[in-house]
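Chain lettering (A, B, C, D and E) follows the sequence in which the chains are written, and residue indices restart at 1 in each chain.
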Amino acid sequence: LSSPKGTNITLASTTSTENSGLLGYLLPIFKGDSGIGVRVVAVGTGQAMRMAMKGDADVVLVHHRPSEELFVEEGYGVERISVMHNDFIIVGPASDPAGIKGVTDVAAALGRIRSSRAAFVSRGDDSGTHKRELSLWATLGFQPGDDDRDWYRESGSGQGATLNVASEMDAYCLSDRASWVTFGNKRGLELLVEGDPLLLNPYSVILVNPQKYPHIKAPEGQQFIDWLVSERGQQLIAAFRVEGQQLFFPDALDPTEE
Amino acid sequence: MNEFSNAFRTAAHLLVEMDPGLLEVVLLSLRVSLSAVILAAVFALPLGAFVALTPFPGRRGVVILMNAMMSLPPVVVGLVIYLLLSRTGPLGTTGLLFTPTAMIIAQCVLVFPIIAALTRQTVFDLHEEYDEYLRSVGAGTRQKIATLLWDGRARLLTAILAGFGRAIAEVGAVIIVGGNILHSTRVMTTTIALETSKGDLGMALGLGIILVLIAVAVNTAVVTIGGGANQRTV
Amino acid sequence: MNEFSNAFRTAAHLLVEMDPGLLEVVLLSLRVSLSAVILAAVFALPLGAFVALTPFPGRRGVVILMNAMMSLPPVVVGLVIYLLLSRTGPLGTTGLLFTPTAMIIAQCVLVFPIIAALTRQTVFDLHEEYDEYLRSVGAGTRQKIATLLWDGRARLLTAILAGFGRAIAEVGAVIIVGGNILHSTRVMTTTIALETSKGDLGMALGLGIILVLIAVAVNTAVVTIGGGANQRTV
Amino acid sequence: MQSQHHMLPLVVNGVSYVANGKAIIEDVSFTIHDAGLTILLGPNGAGKSSLLKLCHGLWPLSSGSIRWGDADVQDVKQKQAMVFQRPVLLRRSAAENVDHVLKLRGASSAERARVIEESLQWAGLANIADMPARKLSGGEQQSLTIARAWALNPEVLLLDEPTANLDPAATRRVEDLIRSFAEAGKKVIMATHNIAQARRLADEVLFLNHGRLLEQAPAEQFMSGPSDPLAGRFIAGELVE
Amino acid sequence: MQSQHHMLPLVVNGVSYVANGKAIIEDVSFTIHDAGLTILLGPNGAGKSSLLKLCHGLWPLSSGSIRWGDADVQDVKQKQAMVFQRPVLLRRSAAENVDHVLKLRGASSAERARVIEESLQWAGLANIADMPARKLSGGEQQSLTIARAWALNPEVLLLDEPTANLDPAATRRVEDLIRSFAEAGKKVIMATHNIAQARRLADEVLFLNHGRLLEQAPAEQFMSGPSDPLAGRFIAGELVE
């Protein structure tokens, strides 16, 4: 392809794609195909968008649709392109005091946790996952408040740290599947609830608008995006496995998704 | 650069409003870090003095180790204490994990080598001067330590303040052993980290400004009280 | 507690294998932190000495501020430098964001007040003794500073090593201005933070052990070279 | 003087002291049987201060042995007091400096108050009891260290040039102290350059040069004409190499 | 002695110095017209060291003024050298201590090597040139500070008890130095307790007590019978209050 050897672009991404190893798997292949290196800065969704808005990244890879749309609307991003999805799950202690194991309706499961006042750890960090969790509670008409302090805990941290807290406290928590599968300190925690369509977690990729910031490496960034959504990129995403599990499901080639 | 003016406005706003959430976080920060520093100093001062005044085989090694322990990464200290206090850990039954006590312990471990190493250096110089006198009048080790620490108290303040600086500014250890739990173990630095990850840089910086103001207040108080009277070295 | 034995096994394994990824990260850590400390020392030593030896109105305030700046939180320093170096920030055109240079700058800012405050304290004592001699022989300020720093060099080592400890152990600032980019700005502490967030505590601890071993090696080297000969204070 | 003193004789036997590869004291042997005043004489750098410190047990011997009566030199510090050539004063007031040694010896607080007052009075320092000791004048500092040693009421007093910075009156006071000490059957060993002072006070003289003991003689005999030729030139004020 | 000396007369006018609320020097006025040796006499704590330091411009005056010839006291340090009562030695070798002042005065490296050797030779310290200065014996340290001052070849030499720790031979050497200095038309001001030494050397005596100047007189006149009664008792070795 056309780019000179040694070009680098900066990708602001969420921690799940980095920590799961997906990017570590994809990027060397992309570099081989294109000669373009991708430098990943893995932070929370909020921080990633913020960085991009200041022109410090060329491409963002995130998973919170409303802020993505706002980002494009305000002219910071060129276009929001769906890449893949995985899903959220609820994990909790094997003893399962709220009795949610196997429940497929996520709202029902959360309702049981709430009524049993079993410990629940929220990320509390305005991340995509945190916002999703709040919107799930909202389907029950519930908004955690001061009265819930005894069981509803906010860890104010990333997914890994929150899982560490949950495993220690025997608490439930919402996680994305990729972070959970690759998490190394599960101890008593188990995956309890999955499969509700409400738990779908779509990732999209956006090129930062070169009209806003002329220094953005738009051609290379676009080349990366094109590669990700190409047949080759999508097949590679589907082929990525951790402990035999597929963590991310390509969306770009599936016309029903977007 | 409106983040900067934003930050000052946020800081002023938080201070003027006396935001109760802020107050809670500030007080916990002070409680944890001051406790940690005092606890560490109680043991590190005599230890530093002891190492300075007692020649024993391997002292050079101990000194190097003490200096090297100033490089302990907070995250690692946090992890070790997390594992010790974890329910399945050896001290799990104490139930201290995710409590301010755990945070005090973690900061204490971080601060201890700093105070000990700097104390050793300071007392070493004083001891060089006092050594023959102290031995001549037959002072025992404890009496020597007491004399050296007392006469060096003004200059040891800087060592203690360096320890306080490390403690109050530190985030890696307290976030792991405290869990940054709202209304329970959330301190200034963990709040700053949280606001940063939210992308709310103005709030993060504003809190940072308040933290520095608090540090200035603590330092002023300590230097004024401790360095006063006839031992002014400041 | 198998995390601990696990950690030691991981550490041993990484060391024995001479894991090239590890080597890259270790070398960058050393490069960044040593550069930051040397850079900070070049300015902080004379500044600390200057403040110690020159009485000027407001000196007490400057000293308190210097001490208080030891409490600068790494995350805040990281944020400020991030905002300055950001493409849209005042120094954006330098293109330094997410480079080792940015990390060096951030650590330098963190370490500077530590070295300056401890130098002031150390030089203050020496100056008390040398003051009348230096003035009697008509030494200028620069000559005084040079004399005091040279004669205090062995004891100033501990101040510099305290600065090194802060730099090498620090994660909050470098992760923000460096971005923890693989093969580019990933250092030991950011790797430890990453492994911790992955829940791979054994790896995180193992890396922590290696970091401490490296700190011991650096301290040994510095103390052996710098504190040698006729200025042994260790 | 008879040797009723239970810490005598002082037996110094084949003592050497090496520092930084240099022999500072070389194969020195002597015995002091009697109480009273022994003066160490010798040119600058002869080793007087070093020998005093060795006799006080402050430095480890490189070879040889020192015994005070039945006791090893390491075990007698509590019964001795030494005044150093360069005063070592704590960063405290004059009175607190005296208090420090009294506290170490476990004196009661009433006792301490009494002795502090007495000793500062004796040294003419009563009016500056509360001054930071290190701000005192050269002579005041030296007086204070002597008062501090006096407060310990030791069996053996080791003095290193104790009147170097004192005015004539203070010198006389210290000399009176030394005399009354010696007359009370205690032991004083003093290094001095002041030949006139040595003449006034000494019962016995040890003459050192280059770390070696060249002569031990009763004072009168030494002063009227030492057998060592160097010593003769020394007391005549000539250059001794 | 004539006053060809371009830094004379030294005019001290109504000088007081207050530290910690205590008047250490009180309303002292005198003029020194002539080169040669002026001795400061007075009991311990009289203020001799303080007055020397004030004349050297080391301390700010609380009131009054001091001028050396046409110059303010603050501007003459480069032409003076002072030897302190308590030696201040850098943590370096003896030779490097001398080198330090020579470097400050911008001497060339050949010049420095020459002067270092000469001065240490003069002080009898050539054999310990490379020893750490602070390990030297009391007398060696004092000799070194005098050698260091000598190396500066000053117009004015201020000496504070320079022979307190010196043996008779070294004392004579320093006295010879002082004499040759004075004879070369330079100015020496020296504080001493050694009345015999004052008698040997002084051209003029200033007698201080309690921070006040009680008498200024030519040496012969003073020594044969000072007009101040306290001074009389002082040189007789009596207690002066």
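By our rule, contacts are C-beta pairs under 8 Å (C-beta built on N, C-alpha and C of every residue); 3 or more make two chains touch, one makes a residue touch a chain.
Quick caveat: nothing in here was measured; it's all calculated off a predicted structure.
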item: Set of chains adjacent to chain C and to chain D; value: B, E
item: Chain centre separation in whole Å, for chain D relative to chain B (CA means); value: 47
item: Mean-CA-position distance for chain C and chain A (Å); value: 35
item: Distance from the mean Cα position of chain C to that of chain B, given in whole angstrom; value: 17
item: Chain A and chain E, separation of their C-alpha mean positions in angstrom; value: 81
item: For chain D, residues that touch 2 or more chains besides their own; value: none
item: Of all residues in chain C, the ones touching two or more other chains; value: 89, 196, 201
item: Where chain A touches two or more other chains, by residue; value: 158, 161, 164
item: All pairs of touching chains, each written as two labels joined by a dash; value: A-B, A-C, B-C, B-D, C-E, D-E
item: Touching residues on chain C, where the partner in the complex is chain B; value: 1, 3-4, 60, 63-65, 67-76, 79-80, 83, 89-90, 113-114, 117-118, 120-122, 124-125, 155, 158, 161-162, 164-166, 168-172, 176, 188-189, 192-193, 196, 201, 204-205, 207-209, 211-212, 215-216, 218-220, 223, 233-234
item: Chain C-touching residues of chain A, taken from the complex the two chains share; value: 10, 15, 19, 24, 39-42, 54-56, 158-161, 163-164, 182-186, 213, 215
item: Residues of chain A that touch chain B when the two form their complex; value: 43-44, 46-50, 124-127, 149, 153-158, 161, 164-165, 168-169, 187
item: Of chain B, residues touching chain D in the complex; value: 129-130, 132-133, 135-139, 143, 147, 151, 230-231
item: Chain E residues within the chain C interface of the complex; value: 53, 56, 58, 77-78, 80-82, 84, 88, 90-92, 100-101, 104-105, 132, 152
